[in-house]
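Two complexes follow with chain A in common, the first pairing it with chain B and the second with chain C.
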Partner chain A sequence: MSWDMYDMTQKVQVVVVAIVLPLVILVASLWHDWVEEGQSPRARKIMKDWEWNIDEMAHAVNVKGRLIGYRVLQAGVIIYLGYSRFFRDYRSIELSVLAIVSIVAEVLFIIIKTIRNMAGDEDKTQMWKQMGHSVFNNLMYLCIVVDVFWM
Partner chain B sequence: MFTTETGIGVVVMVVFAAFWLAFMLWEDWGQAGKTARARASAKANGWEQDEMQNTITRNGAIIAYRLMTVGLFVVMLVDIIAFGKNVSEFAILWFVCMVFEGIYRTIATYRAAKDDEENPPSKSALAGDIVKRIFIPVVIFADLIWKFWR
Partner chain C sequence: MRWNLYTSAEKMQVLWVCIGLPVLLLAAWLVRDWMDAGGSKKARKAAKALGSRTDEMEHAISIQAQAVAYRVTQAGIQVCLYYRLLIKGQAAMELCALLVVSGMAEVAVILVQTFRKAKDDEEHPPRLAFLIAKLTFCAVLIGLAVGMTVLTQNW
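Now for the complex of A and B:
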């Protein structure tokens, strides 16, 4: 069944399931990560109010797990894009756009957060260097995705 | 059509992705600097980070991870509902990263709790947890994969 065959009610249902629901999941996940990180007094207060008992070690394990999941996903995207190009002569525009959007979000987050943290810090060279390395890796990945996509 | 060149291309792609994954995991491990060996490795390679910068880098990666997983979900739904396309490969991609994340968390939690003398974790509970971590994503994605692979 294709989009044109749906009536108005079905189209609204599709929009809710395909856009509103994922947005709610995304916001809930980011909020959950922010509270679990407990960097601000407000986050710690929410954690206390909700009796969210998570110690530092469990938090470190969760974060590392997500990081591993992310790296595996990145490698999987490269394999999928390459596989589509070589085996099926097909360019997966949706996955490429997804990878590019997430990388841009990551880079922007790193740059903005680092610059905000730099305020009041006298030795800025070291922070620029550390930030530059993370940004460079992400830009490398971006180049790979774009390159494989256009190959 | 499958040719030798195509096969070589796919192998090169898989090996490259495996190297990329290994390199990124190695760098993450070095930058986290939990052990003396990790710190020495990061210093020798020139990618050491202080705690604050490492937190920023990790949080950035986690935001990107959340965006990608939710984005994949949207892509799958839109492809199925609006275009009736086969999304089994996206489902496998999602499944693999969820399983890796889950298994790592289970094993790391087990290793951290091993020294607990009052409530030591059992190996059967660990095995059960790993099965659960694989079984739940299978249940979620089996329908999608089955629908298109019949």
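Now for the complex of A and C:
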């Protein structure tokens, strides 16, 4: 079934499932990651109040799992873009936009956090260098995504 | 152009772009992350030999940024999947597969690493309640993607 075949109630249900549900999941997972990181006093307080005792090892394992999941997803996006372009003759605009949005989110996060952390640090050259390195890597990925999309 | 319209040389190029390049990128990312994390002696040695220096704070920032981007991508793919299935009425097996594969990779890493580390450290057994909660979250994401794909196919 497609959009114009739904009645009003079904349209509302579709909007809830297609937009609200992923947004709720996004907010919940970001909040969960923030609490688990426990870097701010507020996050630590929530952890304490909820008796959410996570040891360092479990946290390191989660971070690793997330990281590998992310890398697989990034490579999968390129495979999907290539597949839809070359095998099905269709340019997947949604996925390209998504890849760009996630890269922009990552780059912005790196820049903001680095600049905020730089305030108390005297040796800024090393931090600028590493921030530049991370941003450069993300821009390379962005170039590949755009390239595969436009091919 | 579609697959059956390509010449043999073009098919090779397409395979390289669609499979060779992403696999190579994935391998390079995983090696770099492994070196940056410096969890093993080998990783630290490789990082030293290659002159790759990452300070702890920068590493923490980069990991947080990747976590945010991962969550954004996961939610975004779900939106794309539901948009294709429910609004455009098209099949979207590939997007579903993408979510399932990345979710399964995350689950596999968590399980393997938890039990490997628990083996080395018998004094601190893994916290099963926490592990189950984590795995349930991944299973819900995978279930939502697969469930909706299967449901809409039967409409």
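One rule holds for everything that comes next: the second predicted complex is superposed on the first by the 151 of 151 C-alpha atoms of A that agree within 3 Å, B and C clash if a C-alpha of one lies under 4 Å from a C-alpha of the other, contacts with A are read in each partner's own complex, and residues count from 1 in each chain.
Just so we're on the same page, a residue touches a chain if its C-beta (ideal position, glycine included) is under 8 Å from a C-beta of that chain, and two chains touch if they have at least 3 such contacts.
In this text the structure is predicted, and so the values were computed from the model without any measurement.
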item: Simultaneous placement of chain C and chain B on chain A, clash or fit; value: clash
item: Which of chain B and chain C A:Arg71 touches, first, second, both or neither; value: both
item: Partner chain in contact with A:Ile54 - chain B first, chain C second, else both or neither; value: second
item: Partner chain(s) touched by A:Ile19 [first = chain B, second = chain C, both, neither]; value: both
item: Partner chain(s) touched by A:Asp33 [first = chain B, second = chain C, both, neither]; value: both
item: Touching partner for A:Thr114 - first (chain B), second (chain C), both, neither; value: both
item: Partner chain(s) touched by A:Arg88 [first = chain B, second = chain C, both, neither]; value: second
item: Partner chain in contact with A:Asp7 - chain B first, chain C second, else both or neither; value: neither
item: Chain B and chain C footprints on chain A, overlapping residues; value: 1-3, 14, 17-19, 22-23, 25-26, 29-30, 33, 37, 57-58, 61-80, 82-83, 86-87, 94-95, 98-99, 101-103, 105-107, 109-110, 113-114, 117, 126-127, 130-131, 134, 141, 144, 148
item: Chain A partner contacts - residues on chain B that touch it in the complex; value: 2, 6, 9-10, 13-14, 16-18, 20-21, 24-25, 27-28, 32, 46-50, 52-53, 55-75, 77-79, 81-84, 89-90, 93, 96-98, 100-102, 104-105, 108-109, 112
item: Of all residues in chain A, those that touch chain B in their complex; value: 1-3, 14, 17-19, 22-23, 25-26, 29-30, 33, 37, 39, 57-58, 61-80, 82-83, 86-87, 94-95, 98-99, 101-103, 105-107, 109-110, 113-114, 117, 126-127, 130-131, 133-134, 137, 141, 144, 148
item: Complex contacts: residues of chain A adjacent to chain C; value: 1-3, 5, 14, 17-19, 21-23, 25-26, 29-30, 32-33, 37, 53-55, 57-58, 60-80, 82-84, 86-89, 94-95, 98-99, 101-103, 105-107, 109-110, 113-114, 117, 126-127, 130-131, 134, 141, 144, 148, 151
item: Chain A partner contacts - residues on chain C that touch it in the complex; value: 1-3, 6, 14, 17-19, 21-23, 25-26, 29-30, 33, 37, 39, 54-55, 57-58, 61-80, 82-84, 86-89, 94-95, 98, 101-103, 105-107, 109-110, 113-114, 117, 121, 124, 126-127, 130-131, 134, 137, 141, 144, 148, 152, 155
